[in-house]
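Below you'll find the structures, each written out as C-alpha cells.
Next, two complexes with chain A in common: one pairs it with chain B, the other with chain C.
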Partner chain A sequence: MIQTLSALKVSLIKWFARFYPMAKRNLYHFHGGIFPQYHKELSLSHPLKRGIIPKILVLPLRQHLGIRTEAKVKVGDRVLKNQCIADTKKGLSAPIHAPTSGKVIAIEPRYKPHPSGLKKLSIVIETDGLDECIDNVLDVKGNIPNDPLALKEIVHRAGIVGMGGAGFPTFAKLPEKPGIVKNLLINGAECEPFITCDDMLMQTHADEIIKGAQIVGQALGIERILFGIEDNKQKAIQAVTKACENTHIEIRPVMTVYPMGGQTQLIQELLGMEVPSEHHAIDVGVLMMNVATLRAIYHAVIHGSPLISRFVTISGLGLEEPFNAEALLGTSFLELAEMAAPKQPINYPLIQGGPMMGMALHENNVPIIKTTNCVLANPPEPVEPVMPCIRCGECMDACPINLLPQQLYWHSRNHEFDRVEKLKVFDCIECGCCSFVCPSHIPLVQYYRHAKSAIKEIKHKEAIAKLAQKRHEFKLERLAREKAERDAKIKAKKAAVKQKTAQSASTKGSASAAAAAKAAAMKQKKQAASESGTETVLSARDNAIALAKKRAQAAKDSSKKTPQIPHKPTQVTRQKTIEADRQMDKNTKPSEAGTEVPKDKSSTTDDASKRRAAAIAAARQKAKKSAQKQEDLHEA
Partner chain B sequence: MIQVSSPFTHNNNSVRKVMLNVQLAALPALFTHIYFFGFGITIQWTLALITLLVVETIMLKLRNRPIWPYLTDFSGLITVTGLVFCIPPEAPWWVIVSGITFAIIFGKHLYGGLGYNPFNPAMLGFAFLLISFPYEMTQWTLPTQVSGYYLSFIDSFYLIFSGQIHSVPLDQITGATPLDEVKTALSTGVTVPTSLMSDSFNAFRIPYGWAAVNIAFFIGGTWMLISRSIRWQYPVGFLLTMIILSAAFNWFDPETYAPVRFHLLTGGLMLAAFFIITDPVSSSTTPMGRFIYASGIAVLVYIIRNWGAFPEGIAFAVLIMNMFVPIIDQYTQPRVVGYRK
Partner chain C sequence: MIAALIIFLAMSILFGFLLGYASVRLKVEGNPLAEQINQVLPQTQCGQCGFPGCKPYAEALAAGESEVNLCIPGGHKTMIEIAEITHREPKELAETPSETHQKLVAKIDESLCIGCVHCIKACPVDAIVGATKKMHTVIEQECTGCELCVPVCPVDCIEMIPEPIALHNWSWPEPSQQTRGDLNRYGSTENAHLLLKNAAGENK
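Take a look at the complex of A and B:
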C-alpha cells in the first residue's frame, strides 16, 4: 500500500517535472542539486582502449594526499612492471610501482596535474614495450584476509588511494578493528558530466568490483553492503546485478542528479542520515568506496598486483572520437587526447576531472596519476560577463549542503571572513552547483576557495603570533620570578638579622618577626610589581616564598631561643603560610599544565586566549575535514 | 576570457533572461488592461521606457560604469512594469516621467545600482508620486463597462499630454477606484455589501476591469513560477495571509470588512503578489525569510486598506518590510547539512 503510494508520488512528480523540471528535486533525499547536460554518450559510444604503452611515462612521487615518497631506483636502472619504485616510511603516503618495464631515464621535477601548476619531482621511465612483469609482487596467498590490519597492510603496499579526486591513501581510511563499519557503500554514482570511466568499469568488470567489496566486507566484518548507481547507467546496473547474484550486496539505483556521488549526498540518499559536521563518515559507521578503488583492492588482495593503471575517460566537445581507456599511470594527457581525433588543435587548457569540479591545467603535457578520472577537452567558450548578485537565491536552492551561497559570497567579497566562517564556509564541498545556476555568472566557488585559504592563513598567523606572545610572557615571568626569589632571600636574611636583635630585647619576638616578614613580603611584592609592570602575578608566590622562609627562620629561632612563645601569633603565622602555600600551588599549576598565562593576571584575557586556541583547533579540524570531504566527493 | 576555476559549465541562465521572462509574463495583464482601460497604458509604458533609458544612461555615465551590459540586463524593465500598472492610465505625462526618474535615481543608482538597493525602486517611485501628486494619482480611468465610453489611442494621447479632451466629458470617464469607493462609502456609513452593489461591480460582485487584470497577472505569475523567474514563497505567503486575514475579518463582521474575492481582485494585489514583492534584490533571501517577508507585506496591506489613510497600501507595506529584511535574514538561516536539527 505504502509502496504503491510512493510509486504514485514518484510518477506524479515525474509527470509534473515535464512542466517544471526542478520538481525532480523532490525525488531524492538531499537538498538542492542540479541537472546538467551529461554528454555521457560521447565517450560511451566508442570502445574501451587497452594496452596503450606510451614511449615515456612520468610518475610524480606524490600522487596522493600525504607526504611525498622517495625514489627507490636510480637513473639508468631497468625496472619491471609492478616493481615498487618509490616509497617512504616517513608518514601518510602510498608507494608507487612501475606501470610497465623500461629504463629510468630521469628523476627530476616535471609538470603534474596540480592546481599550483608547478613542476614536482617525478620518475621518468622510458618504456621498452616488452611489458616484462613481476607476478604477485605483493606476495599474497590469494585468500581474503580476516582482520582489518592484514587488509590495511596489503592495501598500503599496493599503493591504493581513493581513485576519485584528492587521493587519500585508502589504507588510512580503513578502521583497525572489525565491526566499526556497519555499512559499506559502493559509490558507482559518477554524477559528473562527461565522465564514464566508472560506468565502463562497472560494465566490464562488475565481478571484480563485487569481489573487492566482499573482501573489504569480510575483513572489516561489515554486515551491510549497498551499491549506489545513478539510474542513467542501465547497462552498468544490469552488469552489476548479475555479478551480485547469490551475494547479499544490495543494488540501489539512485536518481541522476549532480552531486549524487558526493559522500554526504550518497549517504543521505542511501541511508537517510547525515554525517555530523566535524565528523567523518567512519564515525557513524559508514565506509564509502569508489568502484575503481574496490577493483584495485581485489587485484591487490587476490593477485598481488599493485595499482599501476586505471580507467580514464577521454572526452569533451573538442574531440571527434572520445573514448575510455585503461591507461597506465604516467601516460600523458595530451597524448591520450590526441588519440581521440581532436576537432581543432589542442592549444587550450585541458581539464583534469569533470566540468563541475575539475581543474584546468596550466600545462597539457602532464601524466595521468592515480586520481585522474577524466581528461576533458572542451574548447573555450565565450564567458558571460559577471553581473552583480541580484539575490535571486538560485544558488541557495541548488546547494546540496543547504548553505547560503549568496551570503557567503557577499561577505567573502567584502573580506568579512569572520562572517564567512560563521556561515559555515568550511562545510562547503565546492561542488559548483551554486556557480552553475547563478544567473549573474558569478564565479562563486572561486570566492569560497579564496575565503577558505584566507581564513586558514589568518588562523595560522594568529597561532604563530600567539606562540610568540606566550614565549615572551613566559620569559618575562621567569625573569621576574628569579628576581623575586633573589629579593626574597635578601629580605629574609635582613629580617632574620632584625629578628635576632629584637628577640634579645623582648619575648614577643616571634610575633614581631612574623609581622616583619609580612611587611617584607608586602614591600617586596610592591617592588616586584613596580619593577616589571605586568608581574603583579607573582605576588602570591613571592609572598609564599618569603613567608615560608620566614616561618622556617622563625621556627628555628623560637625553638632555639624562646621556649615560651605566645600561641596566637605562631598560629597566625602558620595559617598565613599555609594559605600562601595554597595560593602558590594555584599559581604554579597552570604553568605545569602548559599554559604559561598566569591565572590571576586577568581571567578575561585568559578565557579569551583559551577560546581563541579552541577556535584555532576547531578551524584546523574543519579545514581538515573539508579537505576530506572534497576528496570524498571526488571519489564519485 | 577563459574560465579559470571550476565549474566550467553553466545552465545558461542569465539576468537578462530572467528579466525578459518577467516582461513576457506581464503581457496578458497588459492586454487585459488595454481591453478594459484603453490604450493609455501603452503610452505610459513608452514614456516610462524612454525615461528609463535616458536616466539609466546618465546615471551609469555619472557612476563611471559600462553602459551597455548594465542597460541590457533589463533589470530596469521590472521597475517600469511595477510602476506603470500602478498609475492611472490617463495620468499626465509628467507623473510617470518623474516617478521613473525618482525610482531609478533614488531607488537604484544612489545605492550602487543593480543588486544593492535596499528598497524596491518601483514602490519607492510610487510612494513618491502618491505623496507628491495625490490628486492625479487617484483619478483612475473607469472601465468602459462602467463609464460607457471607450477612449481611442488618440484620445488617450491628448489626455496624457494636454490634460484635456473634447470628445468626452472628463468627469465621466475618470473616478475613484473600487478600493477607494468602498472605503469612502464606509466612512459615510454605507456598508460594504451595499457598496458592492454599485455600478463598478459586475454580477459576481467583483470590480469590472480590475478583476480581469488581476486574474491576468495571476496567469502570468503562474508562468513565472513554472519558469523559475520567481520563488513560490512570495506569492504563496502573500496570498495565503491575505486570504486568511480577509476571510477572518469578513466572517467576523461582513458589514465593515470586504470579502476575500474583493481583496484579491482589486487594486494591484496580484501585481504585488507576483511582480512587486518578488523583486529579489530588496527582499529577504532565505526560504523561510521570504515567506515571512511576503506574509508581513500582506498583513500591512490589509491593515492599510482597512484602517490606513490611503486606499491602497502595497507601496508602503513593501517599503516597510524592506526595512525588516536584514533582521529577517538573520533569524531565518536554514539548517546546514550535518548540524543538529
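Take a look at the complex of A and C:
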C-alpha cells in the first residue's frame, strides 16, 4: 500500500517536473542540487584505451593532501615498473612508484595540475617502452588481512589516496580498531557532467571493486556495505549486480542529480543521516570509498601492486573522439587530449576535472596525478557579463549543504571574513551549484575560495604573531636573568674586596686597633657563614654545638643556592654568552683585571681562586657595561 | 525620617564594605587595556614606533602617553583597531607602509658573513643562529621581518627578501572586474563551469 502510494508520488512529481524542473528536488533526501546536461555519452561511445606508454612521464612528489615525499632515486638511475621512487617517513603522505620502466632524466620543478600554476618538484622519467616490472613489490601473500593495522600498512605502502578527487591518503582514513565503522559506502555516483571514468571502471572491473570492498569490510569488521550508483548508469548497475551475486553487498541506485557524489550528500541519501558540521564521516560510523580506490586496494592486497595508473576520462566539446583511458600516472594532459582528435588546435586552457568543480589550467602540458579523473577540452565561449546580485535566492535553494550563499557573497565581497567564517564557509564543498543557478552570473564559488584562503592566512598570521610574542618575552626574560646573575657576581666581588682589605688591615696591625678587631670579627663571621666552618677554635662545648648546627644550616643553604645558578639557556644563547664573555675577557685583561690580579696573589687562603674568579667576573661586567654604553652612544 | 536615615546609612556602610572587599578580592593584575592593545599589534617587535617592542607601546597607549598611529607594520587596520580600543580619534599613519602585502624575511648572505654576532643581539625574537666567527643564518619561520638586523650588520650581508610563494602560502585570487571581464580565456582559475555555461546548460 505504502509502496504504491510512494510510487504514485514519484510519478506525479516526475510529471510535474516537465513544467517545473526543480520539482525533482523532492525525489531525494538532501537539500538543493541542480540538473545540468551531462554529455556522458560523448566518452562512453568510444572504447577504453589501455597500454599507452608516453615518452616522458612527470611525477610530482606530492600528489595527495599532506606532506611532500622525498625522491629515493637520483638522476640517471634506471627504474623498473612498480619500483618505489619517492617516500617520506613524516606523517601524512603516500609514496610514489614508477609507472613503467625507464631512466630518471631529471628531478626538477615542473608544472602540476593545480590552480596556482606553480612549478613543483617532480621526478621526470624517460620511458624505454620495455615495461619491465617488479612483481609483488609490496611483498604480500595474497590473503585478506583480518586486522585494520595490517590493511593500513599495505594501503600506505601502495601509495593509495582517495581517487574521487580529494586525494586524502587512504591509510589515514581507515580506523585503527575494528568495529568503529558500521557502514561502508561505495561511491559510484559520479555526478559531474562529462566524466565517465568510474562508470567505465564499474562496467569493466566490477568484480575487482567488489573484492576490494570485501577486503575493507573484512579487515575493519564492517557489517553493512552499500553501493550507491546514479540511475543514469544502467550498464554499470547491471555489471555490478552480476558481480555482487552471493555477497551481502546491497546495490542502491540513486537519483541522478548534481552533486549526488559528494560524501555528505551520498551519506544523507543512502543512510538518511547528516554528518555534523566540523565532523568527519568516520565520527558517525561511516566510511565512504570511491570505486577506483577500492580497485586499487584490491590490487595492492591481492597482487601486491602499487597505484601506478588510473582511469581518466578525456572528453569535451572540442574533441572528435573522446574516450576513457587507463593512463599511467605522469602522462601529459595535452598528449592525451591530442589522441582524441581535437576539432581545433588546443591553444585554449584544458580543464582538470569536470565542468562544475574543475579548474582551467595555466599550462596544458601537466601530468595526470593520482587525483585526476578528467581532462576536459572545451573551447572557450563568450560568457555573459557579471551583473549585480538581485537577491533572488536561487543560490540558497540550490545549495546542497543548506548554507546561505548570498550572505556569504556579501560578506566575502566586503572582506568581513569573521562573519563569513561564522556562516560556515568551511563547510562549503565548492560544488558550484550556487554560481550555476545565479541569474547574474556572479562567480560565487570564487568568492568563497578567496574567503577561505584569506581566513586561513589571517589565522596563520595570528599564530606567527603569537610565536613572535612568546619568543620576544623569552628573550626579555633571558636578558633579565643574565642581568640578575651579573649583579649577583658584582655583589660577591664587592664582598670579597671588603674582606681582603679587612684581612690586610688586621695582619699589618695598624693604629686603629678597634676597627681592625671589628673587621676581623666580621671576617670570622663571614667565613663561618660562607666557608661552612674552617674555624674550629672555639673552646666551649655549647659554642661548638651551636657552630655545628650553624654549619649544617650553611651547608644546606649553599647546596640550595648552587643549583639555582646554572640555568638552561638554548644552545644559541649559551654560545652567545660564552663568546661574549671571551671577548670581554680579552678587552679587560690589560686594563682592570691587571690591577686586580696581583692583589689576589697576596691572599693565601684556599678560597683565593674563588675570589679571583669573582673579581674577574666583576671586571668583565664592568667592561661589558661600558661597551654597551658606547654602543648605545654610537647608535644614538 | 530617622528610620529612613538609619536604613540608608546602614545600607551605605554595607555596600561600602562590599565594594571594598570586592576591590581587594577581585583585583585585576596589570592593565587589561594594555593587554587588549597588545593583542591587536602585529608583534614584529620592530621598534618603529619608538618603543622597544610591541608591549611597551601597548602600555604607553593604555596610559595615554602615545599616539595611535605609530605602528607601521600594522598599517591602517591596526591603527583603527587601537583607536577603537582606546576611544580616541583615528589618525593618518605617520609613515605609509610599504605597498607589498607579502611578508619579508631577512636573509644572510652566508659567504659574506664574518660572524660578528651583532645581528644576533639585535634580533628581538632570537631568530638568528650562529656564534662568534661562525656563519650566521636566519630561521625563516621565526623571522618577523622587523629589519632590526639590517643596519647593525657591518658588512651589509643581510637582505630583506619577500617570502617565495609556494603551495602552502598561495591563496585564491579575489574575483575582480578585470578577471571576470575577459572571461578566463587564459590563466584564470575561475570555476570551469563559468566557461561552460552553454556546454553544461540547464537540462529542461
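Basically, the second predicted complex is superposed on the first by the 463 of 636 C-alpha atoms of A that agree within 3 Å, B and C clash if a C-alpha of one lies under 4 Å from a C-alpha of the other, contacts with A are read in each partner's own complex, and residues count from 1 in each chain.
Definition applied: contacts are C-beta pairs under 8 Å (C-beta built on N, C-alpha and C of every residue); 3 or more make two chains touch, one makes a residue touch a chain.
Remember, it's a predicted structure, so these values are computed and weren't measured experimentally.
Chemist: Could you look at A:Ile225 and tell me whether it touches chain B, chain C, both or neither (first, second, both, neither)?
Modeler: After superposition on chain A, A:Ile225 lies in contact with neither partner.
Chemist: Touch test for A:Ala465: chain B only (first), chain C only (second), both, or neither?
Modeler: A:Ala465 sits against chain C, while chain B stays out of touch.
Chemist: If we overlay the two complexes on their shared chain A, which of chain B and chain C does A:Ile351 touch? Say first, second, both or neither.
Modeler: Touch status of A:Ile351: both partners.
Chemist: Can A:Val383 be said to touch chain B (first), chain C (second), both, or neither?
Modeler: both
Chemist: Between chain B (first) and chain C (second), which, if any, makes contact with A:His362: first, second, both or neither?
Modeler: Once the two structures are laid over each other on A, A:His362 reaches chain C alone.
Chemist: First (chain B), second (chain C), both or neither: which does A:Lys475 touch?
Modeler: In the superposition, A:Lys475 touches chain C alone.
Chemist: With the two complexes superposed on chain A, say which partner A:Lys452 touches: chain B (first), chain C (second), both, or neither.
Modeler: second
Chemist: Examine A:Lys120 and indicate which partner it touches, taking first as chain B and second as chain C; both and neither are also allowed.
Modeler: In the superposition, A:Lys120 touches chain C alone.
Chemist: On the A-aligned overlay, A:Pro276 touches which partner chain: chain B = first, chain C = second, or both, or neither?
Modeler: After superposing on A, A:Pro276 lies in contact with chain B but is clear of chain C.
Chemist: Once the two structures are fitted together, what part of chain A is touched by chain B and by chain C alike?
Modeler: Comparing the two interfaces on chain A, one with chain B and one with chain C, the shared residues are 34, 36-37, 193, 348-349, 351, 353, 355-360, 376, 378, 380, 382-385, 432, 435-436, 441, 443, 445-446, 449.
Chemist: Under the definition above, what is the set of chain A residues touching chain B in their complex?
Modeler: Residues in contact with chain B: 19-20, 22, 30-31, 34, 36-37, 193, 264, 268, 274-279, 348-349, 351, 353, 355-360, 376, 378, 380, 382-385, 387-394, 396-397, 400-404, 406-407, 423-424, 427, 430, 432, 435-441, 443, 445-446, 449.
Chemist: Can you list the residues on chain C that touch chain A in the complex?
Modeler: Contacts found on chain C: 38, 41-45, 53-55, 117, 120-121, 124-127, 129-132, 142, 144, 165-167, 169-175, 180-181, 183-204.
Chemist: Tell me, which parts of chain B touch chain A in their complex?
Modeler: Residue list for chain B touching chain A: 1-11, 13-15, 17-18, 69, 73, 75, 113-116, 226, 228, 231, 280-281, 283, 285-287, 290, 329, 333-340.
Chemist: Which of the residues in chain A come into contact with chain C in the complex?
Modeler: That would be residues 21, 34-39, 62, 114-118, 120, 193, 317, 348-349, 351, 353-360, 362, 376, 378, 380-386, 432, 435-436, 441, 443, 445-447, 449-450, 452-454, 456-457, 460-461, 464-469, 471-476, 570, 572-573, 575-576, 579-580, 582-583 of chain A.
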